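You will see chain A twice below: alongside chain B first, and alongside chain C after that.
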Partner chain A sequence: MKNPARAASAVLTYGFVGLMAFLSVFPFIWMVLGATNSSIDIIKGRLAPGETLAVNVAKFFTQVNVPLVFWNSAKIAILATLLTLAVSSLAGYGFEMFRSRRRDGLYRAMLLTLMIPFAALMIPLFIMMGKAGLINTHIAVVLPTIGSAFIVFYFRQSTKAFPSELRDAAKVDGLKEWQIFLYIYVPVMRSTYAAAFIIVFMTAWNNYLWPLIVLQSNETKTITLVISSLASAYYPDYGVVMVGTILATLPTLAVFFFMQRQFVQGMLGSVK
Partner chain B sequence: MDKLVRTHLPRIAGLALASASFLAVTAAEAKEITIWCWDPNFNVAIMKEAGARYTKAHPDVTFNVVDFAKTDVEQKLQTGLASGTADALPNIVLIEDYGAQKYLQSFPGAFAPLSGTVDHSGFAPYKVELMTLEGQVYGMPFDSGVTGLYYRKDYLEQAGFKPDDMQNITWDRFIEIGQQVEAKTGKKMMGLDPNDAGIVRIMMQSAGQWYFDKEGKPNITGNPALKAALETVGKIMSANIYKPANGWSDWVGTFTSGDVASVVTGVWITGTVKAQPDQAGKWGVAPIPALSIEGATHASNLGGSSWYVLESSEEKAEAIDFLNEIYGKDIDFYQTILQERGAVGSLLAARGGAAYEAADRFFGGQKVWQNFSDWLAKVPAVNYGIFTNEADLAVTAQLPALTQGTPVDEVLKAIDAEISGQIQ
Partner chain C sequence: MVLARRGGIGRYYDVNGWLFVAPALGLIALFMVYPILWSLWMSFQSGRGMMMKFAGFANIVRLWNDPVFIKALTNTMTYFVVQVPIMILLALVLASLLNNPRLVGRGLFRTAIFLPCVTSLVAYSVLFKGMFAPDGIVNSTLQAIGLIASPIPWLTHPFWAKTLVIIAITWRWTGYNMIFYLAAMQNIDRSIYEVARIDGVPAWARFTHITIPLLKPVILFTTVISTIGTLQLFDEVYNLTEGKGGPSNATLTLSLYIYNLTFRFMPNFGYAATVSYVIVVLVALLAVLQFYLARERDR
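Up next, the complex of A and B:
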């Protein structure tokens, strides 16, 4: 730090990083502070801890059937995550391992589906679910998400780093294809699975539009729908909304912290 | 044991059979009416109250009130109607008045006409007009956004004005008063959000005009009420008697914090005004100021919504009967929802009830609900058409030009061009 130019650049760097950190953390701080304030104070722009946390929490728990709503969200998110990982990792494995002339054409066609906005699929999908008698069921929320083109893509890219020697060796040892997948591939790709788990879980937990369309009753609603309904009142009680938002953030936060190390590894490439 | 079974078995079996058939009978007769609406503390709570009243008289009919956000109800309704999947729709749905014609005209046959059953002549005429299409009335009028001029008696008194001075004034007089209020008290006369065209809509409807004419054609450049409304907003801005607000919450903050001397908006704001106990006794309510053009009145409306029955629903008959029994006739119900939720319905006969006749201590003993229900009957009926939201956006986009001193006729032309571009 003897060099003044260096010191200045350090100040600039830290200043910039600090500012960015503040900008990303601020909404979170605001949410937590908001949960402790009354709606009127929030509107007035109060940014200090208040005294109405207990009141807000109590109101949230009387207005919302919390266990049921969280159970619905958790059921959908966990089911969607497990099924997506199972189906999409198999597809990613298959796309990379098995060579055929049509492979890449098919793969590209699948990636193209990423470009179709969900709004365009919504009504046909809704009619399909209606014909299948699945409207207002959690199965209808989960089904369209499990064949995820993005996760297939993610697994295929990660599989490129999976050493083919491992597969060959396993074959020599007499393992069948499904055994190779289950006993060799899955353990080796652990961190890829962890990263995909976080991505899919978060998407499923936060999913809004499709559950909104397909779920019809108070008994099947998820936490995102409940918060949206609370927030759109003519005079929303923002303190209560903030309590709901914090509670809704906790599960994804927990999943992320729990799998953070694997997540970072997975992003860097799982096989070293 | 054996004997016990042998003697009791027939009885048990008989009981089981009887209860099974009993269940089957109730299943055939019991009806559940599903309702979609928004706002757990307002529409949802009111509908639950209405349902409870109906179930008391008709124990075989129960209610399932599902609450979604307002935009979510619209999204679900749109998807359900567009997909033609009838069992995906509720029996009754709440639709905002400004959007009613859009649904009625875009999905012909989707909603059940109520004309034959419900006596619509008992409701505020403007509410009935907005749900009428080709001679049929499709909805059950619900909450009203009849407007009033809420003013701070203490600030106005300091400036030398009595409540009598606030009755039946024009907007020009309102601006004069505003200037004196600021000179004497340092307070601005009103809060104004430049991105909200609500005040323009209030002024325009008070003179019996809208963005669209009776046939639904754009009515912009030749619309004297819209022109006068924009001119008035321009005058308010150049007289600088307003406190600028950025968004709804900020606008609400202008009067809850005591920074402004008056509020012109729908009756549903009353609860928010009264939520400030330290301001008790300081507020009064008067009819809104009138524009200085032909056909101008002191009554208008902002917002409000109504109930609609889906034609395809299995419980259609029960749903219509329910709406008619409670919303069409139950005066006592209207007293309850006014007292508990601050909801002003559109049934004119409701004003004869005790809650409507009560004097309000917050407003210094003024019978505010009587006043509002007087004005409710006088709100001019207009055709909201199917593009009110689009027109509103066009007006909002041009409000800044107005502040910069662009002549009103040019602003009108720009709005007209933008609307024509959007609704082709």
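Up next, the complex of A and C:
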């Protein structure tokens, strides 16, 4: 008696979850197929492998200085990530290990900055960078992103799990505070660093609005900006655009598949 | 002076503490706190480019009489009111279905639904623009299965363009929210569900009476995050509509309007800063409201 109802609910569950999974993955399939088709076929809704992959790739490489664009993206992302991790882990460690009433107060004030929308910062930041003569430089892209309340928060939360006996033992051995941080904390917390690395790297790699404002010449542009301008042409060549989106998505896709656990841990960050 | 009383050791401790936190606090002060105060000051100024003079509340008055601003505000609130609840509910339902250990292939389903998170906002917007082209894959599929008779003007009709933005954001962020709920569900004792099931509590009631109350802190957290994100919407709309927020401003968001005021039209930093403070106030108000609502239901 109970079986037909059960079967119906199973069909419904699998049907729903399956449909959602399919819809989630479909744009990726479409993107890969698109790279093999001509622009006309793509916007006419063709859903089969075509023969223009080589042409699209060749066109992409002639229209875009691919090595330069990737170098720009990689430079910005790696610089931003290393600096953010260094500054934020120092602060997360400092706030948790050297607690004082004033620092706790500042920490709470710092968390309020999480609510500041970037739109309210971009005009002053743009004027600041202009005055400093940094418009159209990669430094201007990286600088405002280093101090991140969210990553400081992430490191402080993770530091709560850092065994304080390790620190006490190191102190007895006569290590200075910076040595304890560098030689004990950093190696012990490497999975925290890995997760934070992924999250900051992805954010920097995919960042759009601020680079769009600051980077004005073709020599400084990132892959994200290039895809956007290719796609907003009056008659965009979708085959070429698809090649670009695949190349732009590949690094983060690779990180996701090879480091899935840290990836998800980084995404969750604050919850635990 | 706490410092002076504590003497040597306390001082050493305190100096080290400040040294560790100083770089982060300094950078946040310089690139977050200083600019946000500067734009507050700017919002009381008026003029072109860098030549600004004090204008009192003139910018705020201008907001009321600016139909484009009203449009951008309405659009942004529409995205927020329609999209965030749909996405949160969808993510919750998916998370509770995928949390069932008896579901075959749930790891695969989870990965698939989470996959959109790896795309950049620009990349997926570009993909969606192509898929929702007039004769594109979406319209031709819908026509082939007989759901629609003629192609939907996704990019040229005000209603459908808004719908497309909502579909796109939901695609990108549902899996992200789902991951938070799945993680929180790990901490719920499964025997609660078993007991409820044996007592004959139907699945939907288990969802609304066990899952949702127990996940309330996480739901609140993701709602606040999504609210802040939606109110700042820029990349998607910019890339779906060639930077115009069209058709005829139907998809224009507050962030895009600020960008246009600053970098596309004759720059008016003062007025643009005023519009940006509308977002600041909205984010703050909605965050407070959401915390308040969550607290109320506790009692």
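Definition applied: the second predicted complex is superposed on the first by the 237 of 272 C-alpha atoms of A that agree within 3 Å, B and C clash if a C-alpha of one lies under 4 Å from a C-alpha of the other, contacts with A are read in each partner's own complex, and residues count from 1 in each chain.
FYI, a contact is a pair of C-beta atoms (placed from the backbone, for glycine too) under 8 Å apart; a residue touches a chain by one contact, two chains touch by 3 or more.
Because the structure is a prediction, the values reported are computed rather than measured.
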{"item": "Superposition on chain A - do chain B and chain C clash or fit", "value": "clash"}
{"item": "Partner chain(s) touched by A:Trp71 [first = chain B, second = chain C, both, neither]", "value": "neither"}
{"item": "Contacts of A:Gln63 with chain B and chain C, given as first, second, both or neither", "value": "first"}
{"item": "In the superposition, chain B vs chain C on chain A residues touched", "value": "C"}
{"item": "First, second, both or neither for A:Tyr183, with chain B first and chain C second", "value": "neither"}
{"item": "Chain B versus chain C as contact partner of A:Ser232, first or second or both or neither", "value": "both"}
{"item": "Chain B versus chain C as contact partner of A:Ile123, first or second or both or neither", "value": "both"}
{"item": "Contacts of A:Lys44 with chain B and chain C, given as first, second, both or neither", "value": "both"}
{"item": "Touching partner for A:Ser217 - first (chain B), second (chain C), both, neither", "value": "first"}
{"item": "Touching partner for A:Phe258 - first (chain B), second (chain C), both, neither", "value": "neither"}
{"item": "Contacts on chain A seen with chain B and repeated with chain C across the two complexes", "value": "43-44, 122-123, 126-127, 209, 213, 228, 231-232"}
{"item": "For the chain A and chain B complex, residues of the former touching the latter", "value": "40, 43-44, 63, 122-123, 126-127, 130, 135, 209, 212-213, 216-218, 225, 228-235"}
{"item": "For the chain C and chain A complex, residues of the former touching the latter", "value": "2, 13-14, 16-21, 23-28, 30-36, 38-39, 42, 50, 90, 94, 97-98, 103, 108-109, 111-124, 126-131, 133-141, 171, 174-176, 179-180, 183-184, 203, 218, 221, 228, 231-232, 234-235, 238-239, 242-243, 254-255, 258-259, 262-263, 269, 272-273, 276-277, 279-280, 283-284, 287"}
{"item": "In the complex with chain C, residue positions of chain A that touch it", "value": "9, 13, 16-18, 20-25, 27-28, 30-31, 34, 42-47, 87-88, 90-91, 93-95, 97-101, 103, 106, 110, 113-128, 143-144, 146-149, 152, 177, 181, 202, 205-206, 208-209, 213, 224, 227-228, 231-232, 238, 241-242, 245, 248-249, 252-253, 255-256, 260, 264, 267-268, 270-272"}
{"item": "Chain A-touching residues of chain B, taken from the complex the two chains share", "value": "34, 38-42, 64, 66-72, 75-76, 79-80, 82-85, 87-88, 90, 249-250, 252-253, 256-257, 268, 271-272, 275"}
